[in-house]
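Next up: some structures, all given as structure tokens.
In the two complexes below, subunit A is the common chain; its partner is subunit B in one and subunit C in the other.
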Partner chain A sequence: MTSRSVQLSRRQDRRSRSATAAVDRPRHGWQKTTWIWVFLLPTVVLYGLYTIYPIIASYWYSLVEWNGFDSGQKFVGLSNYREVFADPLFWNSFKVTLLFMLLVVPARVLLTLLMAMILNSPKLPLIGVLRSAFFIPVVTTTAIIGVVMRFVLDPASGPVSSVLAKLGFGGVDFLGDQHLALPAAAVLYIWKFFGVTMIYWLAALQTIPYELYEAARIDGAGTWQLFRHITLPMLKPFLIIITVLTIEETFHNFDLMYTLTAGGPYFHTEIIEIYIYRWAFAAPIPQLGHASAAAVVFGLLVAIVGALQLWALYTGRRLRGEQR
Partner chain B sequence: MTGMTRRSLLGASVLAVAGAAVGCSSSTDESGSTSGGGATGTLAWWDHFSSFKRLNDDWAKNQSSALKANVAHTYYDASKAPQAFQLAHQANKMPDIYSNVVGLPLSALVSGKWVHEITLPADVKSKLPKDAFTEGITQLDGKLYGFPMFSLRQSSTLVWVNKDHWGKAGLDPNNVPKDYPGFKDALGKLKGAGLQPLTLAIGADGGRIRDQIDDMAQTAGFPGYQGLQFTTGEYAYHHDAYVTVIEFLKELNDAKLIMPGSNNFGVVDARTRFASGAVGTFIDGIWCAGGSKALAPPIVDKLASGWVLAPTADVQPFCYRGRPSSGYFVSADSKNPDAAGKLLASFMSDEYQNGMIEAMDQPPLNLDLVASSKAIDAYKKGVDFCKANVFLMPQAIVKNPAQAKVDAYRKPVTPHVGNIVQGYLGGSISDLKAELKKLSDATTADRAQALQKAKAAGAKVSEDDYVFTDWKPGQDYEGAK
Partner chain C sequence: MTAELTVERSDRQRRILSRLPWWIAALVLVGIALVWIFPFLWMLSASLKDSMEMFSGGLRLWPDKFVWDNYARAWNDAHFGRYLINTILVTVITVVIVTVRCALAGYVLARYRFRGSKLFLGILVATLFVPTGYTIIPVVKISMQLHLIDSLSGMILALSGGAYVSAILLYYGYFRQIPRELEEAALVDGAGFVRTFFSVMLPLAMPVTATVAVLTFIATWNAFFLPLVFTFSRPDLRTVSVGMQAFVGETATDWSGMAAAGVISIVPVVVLFIFLQRYFVEGISGAVKS
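Let's look at the complex of A and B:
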């Protein structure tokens, strides 16, 4: 053994002794969690500034009359809420938001499940390419999709209109027609976020042991039976979570809807977020109190869905536990 | 090799961040001193006038040497400017001069410390028209706060045509029909020639079509502005004139003479179609030439213009507008209000006024320069129409400046006329007159609540402020000042 290796060995001994002493030393609660809080601090501060503070502020603003430009905020109690509840256009936007959700959620959940099952097949070639292709719209900026789609669906010169004209259906105004605007926006929304729900399903499908399918096939089960008796029961916990997540996502659709229709024609696509924006920013003198009251009511709706989400999470875990 | 532990990495990171923070703070101090030095030498200028962007960029350079200050011009899109100004005001970072997009009445701007009194040289004041400064609109208690930029004699509702399209359809673009039947026939000929006849900006928030319906209602005989009758002071959106105008648009729509999609078009959408040659006719403001030029320069040579349409050829197409509003303000935070005032004064120079005319946006206060300018004939024709047919209307705020308090309490009434047009053309509204009556009632109720609040706040206002029994059509209102 050389003198250098002896020195190294002693140094390692000392390190190991001091490490043992450190482990043996009793640590107080704050010492155990200090570093956790240090690392969490940026998130806590930013979340507090950009999420918690605006929520609390909007509760306050909903109780005052304020235009956002001057410093005078006049406390008016629940007057803004009374005005919001008395406004038929608020209830119209409430209806449009729920209707949009009803159009989007079933289609998005079921179609993505179907596609995920196809893309989960090990025999399918180019799976990576296909999965990426479905995910590309998700990573594209929503507002840009809205603007581009207005040109695509332009009834006078858009490509869709040209094709329809050749088929004898000229000039369909998808975004300007009161009956078509909301369904058209729903289809675009489903296409835009198709990839997200599909990824959820793909992750869920990959939790099903392949041996179960093999065993069932040996027992003579066909494709439908495999789906009916293995895939579907195994996916039930995920179905609840994915559905609730999709419902919640559907409530946040301002960018696409605003760029596509701005709430028109005649408020037929005015979701609550556009209603809030209209009062807060598009009014000649902004009415932040009224807008905040509408936002608080909308927040309560989202909170109900959030509670459903928690329930879904709990139920999902319970069902998975039962399956095991 | 000695590996870096997590703690040493964290320690190094903390040191690095602290170092960076110190570095940043010292740099902030330096830049603060620079901008402090610049406070006397720098003049920030923000506006939202897209057609004047190049003119204003050049003018900022020009005035930098004249004022011996660094004049920094920044253009903001009109839709984003209010939020930018709101944030800047809250952060005490307002520019020295800024355009009027905030939307608050002058009294609220003064009490909210948005504006500084403007001092103009006497020779500049003498160049301005006699009605340019109005108590409650541009000045308060005799002090000038708002600098008017544009003539009141302008319109949002002129007919603009593409000469090529009209020529192909066998129509004379220099003789655009002025009445509804003639206009409808012309559109029919465009359609017959396989061209898209007409577009309008009916969609988005409906703000533009609302203005246009208000103008066309005046030429159809409505004795008031934005639903308010001058002689009675009552709201009457359900007046026959409004019904006539909207029914005419419905007729054009049902005859498929309006370009598909127009029901969903904002101003830029519709103007882009017109400027690119996709449609032959567009109802737009006097600024159409400048706005279209900015989108597609070749369109300028193909433009011809007509008047605000009237139901029959024998009707004089008289329109009425309020006194010029403030175009620019000097910020209350300005470190150099004198230089800011001089910059505003420079806008009244013939050179700048000519630049405004050549940009072909809203016409400047001095309309006499238009005839000899380099603006296209279609623009000059539009300005001539406005000079002859747009008159000064009576205004409650001019009669009683305390009405500014009422304006501050007004709330948006929705659906407004523009929304109603969109709904009626699209089939969502079947009983037009009933819907217009609802709008009249809702607007009356809103004014009543605003009056009540203003009175409770100590303002001496009444509904009589809106009544002008001495108003006469076809002339400037001189009754109350």
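Let's look at the complex of A and C:
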């Protein structure tokens, strides 16, 4: 992870120069068209079967009563949605998902910015080792981290509680406490995926030309002034993009939550994905229609943020365009 | 002569002094980094302790006596030997399928304008962030209809069919910036559509291929939701991530065996990361670049 590896600005320049000339025009016959679709075939089949079709099928499944994958489906109209919306536990999971997002996103975006700025200073020794260390949790298996963390945080004999005991706080059950479980999971989540956002910021920081700092320093600017008048304004467009990317990522949290708490205690950490899982796979009689209706609502939530994402990309690009 | 020497020395001293704050900062950061990776150190040390020491040892990382038996237990009794083979099989085949299909699709979408190409790209971008929790029910249903549930091949197909839009977009971005002359030269040399791709374009895209392969490898190795659902009635097909969850459910007291199983499962990705981190980082920063 040397500074060479996040080579943002150079690559981008090269691309924008040649992008206009690159696209081929359709001046070839059916043979070429055939090859085009042959090339697309694996993606059409696999992606169509396992991503596009499920997105559409979920809508149909949300309209049927369907108790188990082997049994038949009976059309019941919107009654699944009525049940989902009347279920306080669904709203609970909705609330938990959003609350988790609020706990995670600001901390993740701002703390990683701070760390990225520290790890971007050219004079800091051991920079490669440090970056790797802060990045390593990202590549490890989330589900396994969840299981291991249950032991690390064990109130009876885990290492964290033995530190706390030495400091005079005994027996804190982080994952078993109604009020502590979600914040504890949020801290672990931030730790686990810290590296991803940090790389985003490092990539963003490296778009700022070094000469800009040098010129300002010659003019007598101090560290704070450099940050205030160069770094911050240059990073503003990235802030939007990185925030929205981070929000999207917090929706993919089944692995950690399920292995850490499985939604407990008393549904206090039950995010929507676990809610869906519980109705579809963990119930004695699976209610697949009900679970699908919840999934569709969840999909809409993600889609809204996705739309926000496109808007953010667009705005970010415009802001960057204005600066040049 | 002496004057020159003193000047030189004070110069060096000043240089060292000016570097001093940075070294202090680095030392502080090393301390934070050690706390940061503490869970891994703890897991490694727990995997080498016996159960008694495990429960009483507190924070000490160095075991009194190295107990390798934990690994034997995890490997044989907890079936992590088999889970590891399952995971390697699933991961390697998925990486091959995903890399090939994304390279093909990215190439065609970047270099040719055909009927539906805009729509195709639009659909891809729109589904960039579809979570597994949303698609899981239809995926299981269709896998049952195709008799692919409860099998590794079904798991592999489902994993290679989900997401990976960012991989296509990485190839797309790369192939778009290759100058047209290159293709024309290949055409003049008599290479057809397929030859142009495989002997000119694909070799050029080696860095992207490495990035996509590494990212897919780690995503697949770490996948949990799909492998969990695909192995409900076939415990022998579990991957390491699912096996770990099941291990804790079955033998809640065997901490050191669990830690050994965790080490077995995580070491391969960490080693891969250490050797190929450049590609990994490039892939992640690609999300901001676009």
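Rule of thumb we're sticking to: the second predicted complex is superposed on the first by the 284 of 324 C-alpha atoms of A that agree within 3 Å, B and C clash if a C-alpha of one lies under 4 Å from a C-alpha of the other, contacts with A are read in each partner's own complex, and residues count from 1 in each chain.
Note that contacts are C-beta pairs under 8 Å (C-beta built on N, C-alpha and C of every residue); 3 or more make two chains touch, one makes a residue touch a chain.
What you are looking at is a predicted structure, and each value in this text was computed from that prediction instead of being measured.
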Contacts of A:V187 with subunit B and subunit C, given as first, second, both or neither: neither
Touched partner set for A:F254, first subunit B, second subunit C, both or neither: second
Touched subunit A residues, subunit B compared with subunit C: C
Touched partner set for A:G171, first subunit B, second subunit C, both or neither: first
Partner chain in contact with A:K123 - subunit B first, subunit C second, else both or neither: second
Which superposed partner A:A283 touches (first subunit B, second subunit C, both, neither): first
Which superposed partner A:I208 touches (first subunit B, second subunit C, both, neither): neither
First, second, both or neither for A:S71, with subunit B first and subunit C second: first
Partner chain(s) touched by A:S157 [first = subunit B, second = subunit C, both, neither]: both
Partner chain(s) touched by A:F267 [first = subunit B, second = subunit C, both, neither]: first
Intersection of subunit A interface sets (partners subunit B, subunit C): 35, 69-70, 150, 157, 281
Touch list for subunit B against partner subunit A, complex: 10, 82-83, 86, 89, 102-104, 108, 111-112, 114, 196, 203-206, 259-264, 266, 269, 273, 278-279, 408, 410-412, 414-415, 419, 422-423, 426-429
Interface residues, subunit A side, partner subunit B - complex: 35, 38, 67-72, 89, 150, 154-157, 161, 171, 173, 175-178, 181, 261-262, 264-268, 278-279, 281-287, 290
Parts of subunit A lying in touch with subunit C, wherever the complex brings them together: 1-2, 4-6, 8, 11-12, 14-15, 18-19, 21-26, 31-33, 35-36, 39-40, 42-43, 45-55, 57-58, 61, 69-70, 118, 121, 123-126, 129-130, 132-137, 139-145, 147-152, 157, 159, 162-163, 191, 196, 199-200, 202-204, 238, 241-242, 245, 248, 251-252, 254-255, 258-259, 272-273, 276-277, 280-281, 288, 291-292, 295-296, 298-299, 302, 305-306, 309-310, 313
Residues on subunit C engaged by subunit A in the complex (per definition of touch): 19, 22-23, 25-26, 29-30, 33, 36-40, 42-43, 46, 54-56, 58-59, 97, 100-102, 104-105, 107-114, 120, 123, 125-142, 144, 157-158, 160-163, 168, 173, 176-180, 183, 193-194, 197, 218, 221-222, 224-225, 229, 232, 240-242, 244-245, 247-248, 255, 258-259, 262, 265-266, 269-270, 272-274, 277-278, 280-282, 284-285, 287-290
